[in-house]
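Multiple structures follow.
You will see two complexes here that share chain A, one where it goes with chain B and one where it goes with chain C.
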Partner chain A sequence: MAVEMLSYIEKNTAVHRLTGVTKLLCFILWSTAAMLTYDTRILIFLFLMSIWIFIVSKIEIKEVSFVLIFIFIFLLLNNVAIYGFSPQEGVKIYGTSHVLFEIAGRYNVTLEQIFYQFNITLKYFTVAPVALLFIVTTHPSEFAASLNKIGISYRISYAVSLALRYIPDVQRDFRNIALAQQARGLDMSNKEKLPKRVKNAASIIIPLILSSLDKIETISNAMELRGFGKNKKRTWYSSRPFQKSDYLVLTCFILILAASLIITFHDGNRFYNPFQ
Partner chain B sequence: MKKPVIEFSNYSFKYNSQVEPTLHNLNLTIYEGEKVVIVGPSGSGKSTIGQCLNGLVPFSYKGEVTGSLAIFGQEARNLDIFTLSKMVGTVLQDPDGQFIGLTVGEDIAFSLENDCIDQSQMVQMVDDIAKMVDMERRLQSSVHHLSGGQKQRVSLAGVMVDQVDILLFDEPLANLDPTTGKSAIELIDQIHEQMNKTIIIIEHRLEDVLHRNVDRIIVIDEGRIVADEHPDAILASSILEQHHIREPLYVKAAKYAGCALTAEMRPSRLHTFALKNCQEKLIEWYENVEREGKTKSSSPVLEVEHLSFSYHGGKEIIQDISFSVQKGEMVSIVGKNGAGKSTLSKLICGFEKPQSGKIMFHGQEVTADSIKERALRVGMVMQNPNHMISKNMIFDEVALGLTIRGVPENKIKERVEKTLKVCGLYPFRNWPISALSFGQKKRVTIASILVLEPEILILDEPTAGQDLRHYTEIMEFLVELNRQGMTILMVTHDMHIMLEYTSRAIVITDGQIIADDSAAAVLTNRELIKQANLKETSLFELAERIGIEEPKEFVERFIVFDREERGKWQ
Partner chain C sequence: MNRNYLSIKTIVAIGIGAALFMILAKFASIPSPIPNTSIQTSYAFLALMAAVFGPIAGGLIGFIGHALNDAISYGSVWWSWVIVSLFVGATIGLFAKRINIEAGGFTVKKVITFNVIQAVAQGIGWFLIAPALDILIYAEPANKVFAQGVFAGLSNIVTVGVLGTILLFAYAKTRSQSNSLHKEL
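Up next, the complex of A and B:
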């Protein structure tokens, strides 16, 4: 059966019980904190905390492994690119240069550069699990409602939540089409050379797109026939009222953001400098 | 005097994307509280009529309207789709595609949400409507975990929550197994009786719709109304046959026997049908009509032994299934939705690996073969041709499997052309696929599998959504292939297919084979029918009523005769 990625994983934990709005706001606060700061101490604290939240949510690594691998690949690319374009960035930021060894020209390896890229990596690690958690612990029906509550137009909110919801469907179609094409002799395994595989993939993608377009037509007709888009606003059957825990968690996150901003900026520099 | 709720007068419609109008000069009045069925072959414009009523035409599908359509006295094109949706509620064909909410409650509430109804009030309204369709205990369930019949109930509730006066059903039976279809018709009837709604059903499974009383049948062909009368009058006439719409089988049998039908005999339902004058003729016909000789069995081409399968150690979907298929047989695999039919066909094609058991071709075990290797022996044609077609041109699409396998160019040309000739597609070989009809696309997908020269062809619902003419066309083509020696397995819940075209039916329920017998024997066995969500054929009841001792024999003779008759259309 198809691995379902980026879809809601049902569990009963404190994280799941929070309303979608709370989770969305927390996610925004959290990412703001992680994006603004380069203070290694704060990043490490946030990183540990995100792991803790992950544990509390009881989501298992293997349930999200596919996306995690994807993020890792992206992270790796990003690190390579940073080094490729700007090997002296760390030296520029921290103002010192502890050279470990030279490679060629301006390409050398310094402690500063390693430390700088370590910080970037850490940022990924603090944001990624929380973003993932938001997606897999928010019931899709609440998803649109939450986006709408924080002021995003309900049309866009619905579009996003429908898109997420169709992922399992599209995966199922993909698998069926892929099997049918394989039966005609299409080889998608490693045995085939890469350019050929890419070409073969097209024979799966085209029918997939066509069948998805059919789906879109059906659902948009169904929505229109039931009055979607009639008014400027709409109400939500499945939105839930705020509980005590929601207020509590939100307050904590606001405090975390405030604290991290104060610690980061009190000396006028976003970077924590261990080299001085 | 009854109050008219829908009035088409001199109404024509042309889609912007088309040259010819789809509807010509329609004049039709539907009165309050009526229950009307609209029938017609594919492309006749019957669905367009539905779209005119709910506002998709002309608000979503743009086009040119002339004449007038008044709904509750208001000119439809001066309204907008939202106002119309408060008057005409539409239950679309495929419940899966039209669910917007994820849970039952949420989906029912969708239209209320758009009306900005307060949450607490909304919950109350949803509860009330759910009670009406008997779904109040399932409000929290995911819509995708419901059975086919429950899905239909939920989509009906989602439309009724709007307090609409007119309910429009667009092919409500298309994806339902026969028993579920029957209860859907009963549910519609119940709503009609209790709430005095006006009901419009667009459907081509006429016999199933007539399971409950209907006030009028409107026959559409080529965008024109060709008949608009009481079901009894329609069935007594030859109008349905002329426009290639399937008549109820018992009516057909009476006509074959040469009975002169009149509306007074009330043929619209079998139990009201006065057979007195027909009885003798029917018996006489039965005794004279010939029956097909039994096909001799030869060597088994496919053998399945003790096959079991489950997804990731879950519940067993296939439990210890064994059967064998002889060369040149045409077999149908039937059973209710979710019984394991599709999984079984996937196992045979090697799309899934069984936990235990063996699959053998010509006595040689192939259980461990890859999909690609298996494809040389079994070809699988999926239900939706759009899931298989990936090239623009017919020739390229059919050649794809050979090109990938590295067959030399001149060989490819030879084999593709031969296959296209077999499939009757040779004249179109240089056409783009997009110019083909659904039925022709289906042929292309069959051709693209045949070109690989498999020994067995497996088809998943080969005629889903097809009208009688295309249905006959596809099925006759398969019969022809079968005559040429191809072994064919069909997965279906269409009882006509199994009855008319396959000599043998394998019935699956909950992953087990509960019967493996002739199709006529299966459809005349009440116990089996109940277990597998099938429906007894009306021919059986007819045969019993006229006192034929071997009703099964009557059914078989009818089928042979009917197929020959319809074969003359082409």
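Up next, the complex of A and C:
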């Protein structure tokens, strides 16, 4: 049950030294740019740049390889599904049809479809490295502080921080309960019939939920006693002041977003069409 | 003070709830007879939390929990589906007063109310919002995303209907009923 999860990786690089606020804002700007555009030229530029940032951050591939494998499998399945459901989507979008070869019925291979699916994959690849980097280079408690700084109420930021803090605890509780129930002969695998399996799952989940609800009681009492929520504002132990590099990086990212939006939409179409 | 809509207890419930949602989504999905799909127990839990702590907690547990799970296990967030989790949690939470689980006693009438609400909320979320956002954000083929949405929606509705009801029963049993005190004669 030892499933790996992404978490903060301590290093001392230019990316790590940026404040959490900068990284959060850059991540949002970047995702917006990648989400809105379908222009291949911009996607390729963003992709190359994300690889460059990845190199600067000195995060090694093997530290995140398990996630990369997930992403590859997901993309493969997604591409197969897209082709299976809609082999003519590319033709519909780009308006032309350059058939390479026929398979059967409406299933033929067109340059447009290949180009369209290449774009979808590329789009995913431009977001993934930056998202990965954001997670592994931002300390969780600084993340909550950053959420507060960009204008989200500190109560909600604190809830996020609590969630991050309690994931390992809940995971340990879950494992203990699951092992204890399995020692008593509970089967969660394919060998058991489905209704029985659901019932077995319930007998793991119910104690987990009830013990967590008790935890909510304890934590909220402790916070109440320490006067949480008394003032309108709250300071954060891990928030850091802006440096010159923060302003510089933020300006760059805003320019990238603006440029990519202008290039994408100046001809009134999200898609870059090389077929016309 | 904002005490009314975001009490300390709600904040903590959001935090712990999101962590629990994430763990359930990651570890406690039950393999189903259909290949490559599993029964998502996390949505049954989301329904319980929404029914106990109300719309804001429900929505934010769905949103934060789902986004964290996506980010930590896949390295990127599939926003269109995260928003559906927010919607489902918030909508079920809106009717928390109706179900009034804190007062104890999960009667047949409440079971029906709960299931109608969750089926409608998830139906709108998975059959309409998720595919629409997928097309808008990711420009995926319409029939593919609708097939995915219908499939995810149906399996989640059934899961919440069965497991969510069981969870609510178990929770109601731990509360003392509001009319459990009576005057001694």
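Keep in mind that, in the parts below, the second predicted complex is superposed on the first by the 208 of 276 C-alpha atoms of A that agree within 3 Å, B and C clash if a C-alpha of one lies under 4 Å from a C-alpha of the other, contacts with A are read in each partner's own complex, and residues count from 1 in each chain.
One rule holds for everything that comes next: a contact is a pair of C-beta atoms (placed from the backbone, for glycine too) under 8 Å apart; a residue touches a chain by one contact, two chains touch by 3 or more.
Fair warning: this is a prediction, and the values are worked out from it, not measured in the lab.
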Which partner does A:183 contact after superposing on A: first (chain B), second (chain C), both, neither? first
Of the partners chain B and chain C, which touch A:35 in the superposed model: first, second, both, neither? second
Greater chain A contact set [chain C / chain B]: C
Looking at the overlay, does A:228 come into contact with chain B only (first), chain C only (second), both, or neither? both
Using the superposition on chain A described above, determine whether A:247 touches chain B (first), chain C (second), both, or neither. neither
Does the superposition put A:209 against chain B (first), chain C (second), both, or neither? second
Please work out whether A:85 is in contact with chain B alone, chain C alone, both, or neither, and reply first, second, both or neither. second
In the overlay, answer first, second, both or neither for which of chain B and chain C A:197 touches. second
After lining up the shared chain so the two structures overlap, which partner does A:237 touch, if you call chain B first and chain C second: first, second, both or neither? first
Kindly classify A:219 by the partners it touches after superposition: chain B alone (first), chain C alone (second), both, or neither? both
For chain A, give the residues common to its interface with chain B and its interface with chain C. 1, 165, 202, 204, 206, 210, 215, 219, 223-224, 228-229
Chain A-facing residues of chain C, complex: 1-3, 6, 8-9, 11-20, 22-24, 26-28, 30-33, 39, 41, 44-45, 48, 60, 64-65, 68, 71-77, 79, 137-144, 147-148, 162-163, 166-167, 170-171, 174
Contact footprint of chain A on chain B as seen in their complex: 54-56, 60, 81-82, 85-86, 90, 92, 94, 97-103, 105-106, 109-119, 122-123, 126, 158-159, 162, 311-312, 346, 349-351, 371-372, 374-375, 379-380, 382, 384, 386-391, 400-401, 404-405, 448-449, 452
Which bits of chain A are touching chain C when the two form their complex? 1, 3, 5-7, 35, 38, 64, 67-68, 70-71, 74, 81-82, 84-86, 89, 93, 120, 123-124, 127-128, 131-132, 135, 153, 155-156, 158-167, 169-171, 174, 178, 188-190, 194, 197-198, 201-202, 204-206, 208-210, 212-213, 215-217, 219-220, 223-224, 228-229, 270
Residue numbers on chain A that touch chain B, as the complex places them: 1, 139-141, 165, 173, 176-177, 179-187, 200, 202-204, 206-207, 210-211, 214-215, 218-219, 221-231, 233-239
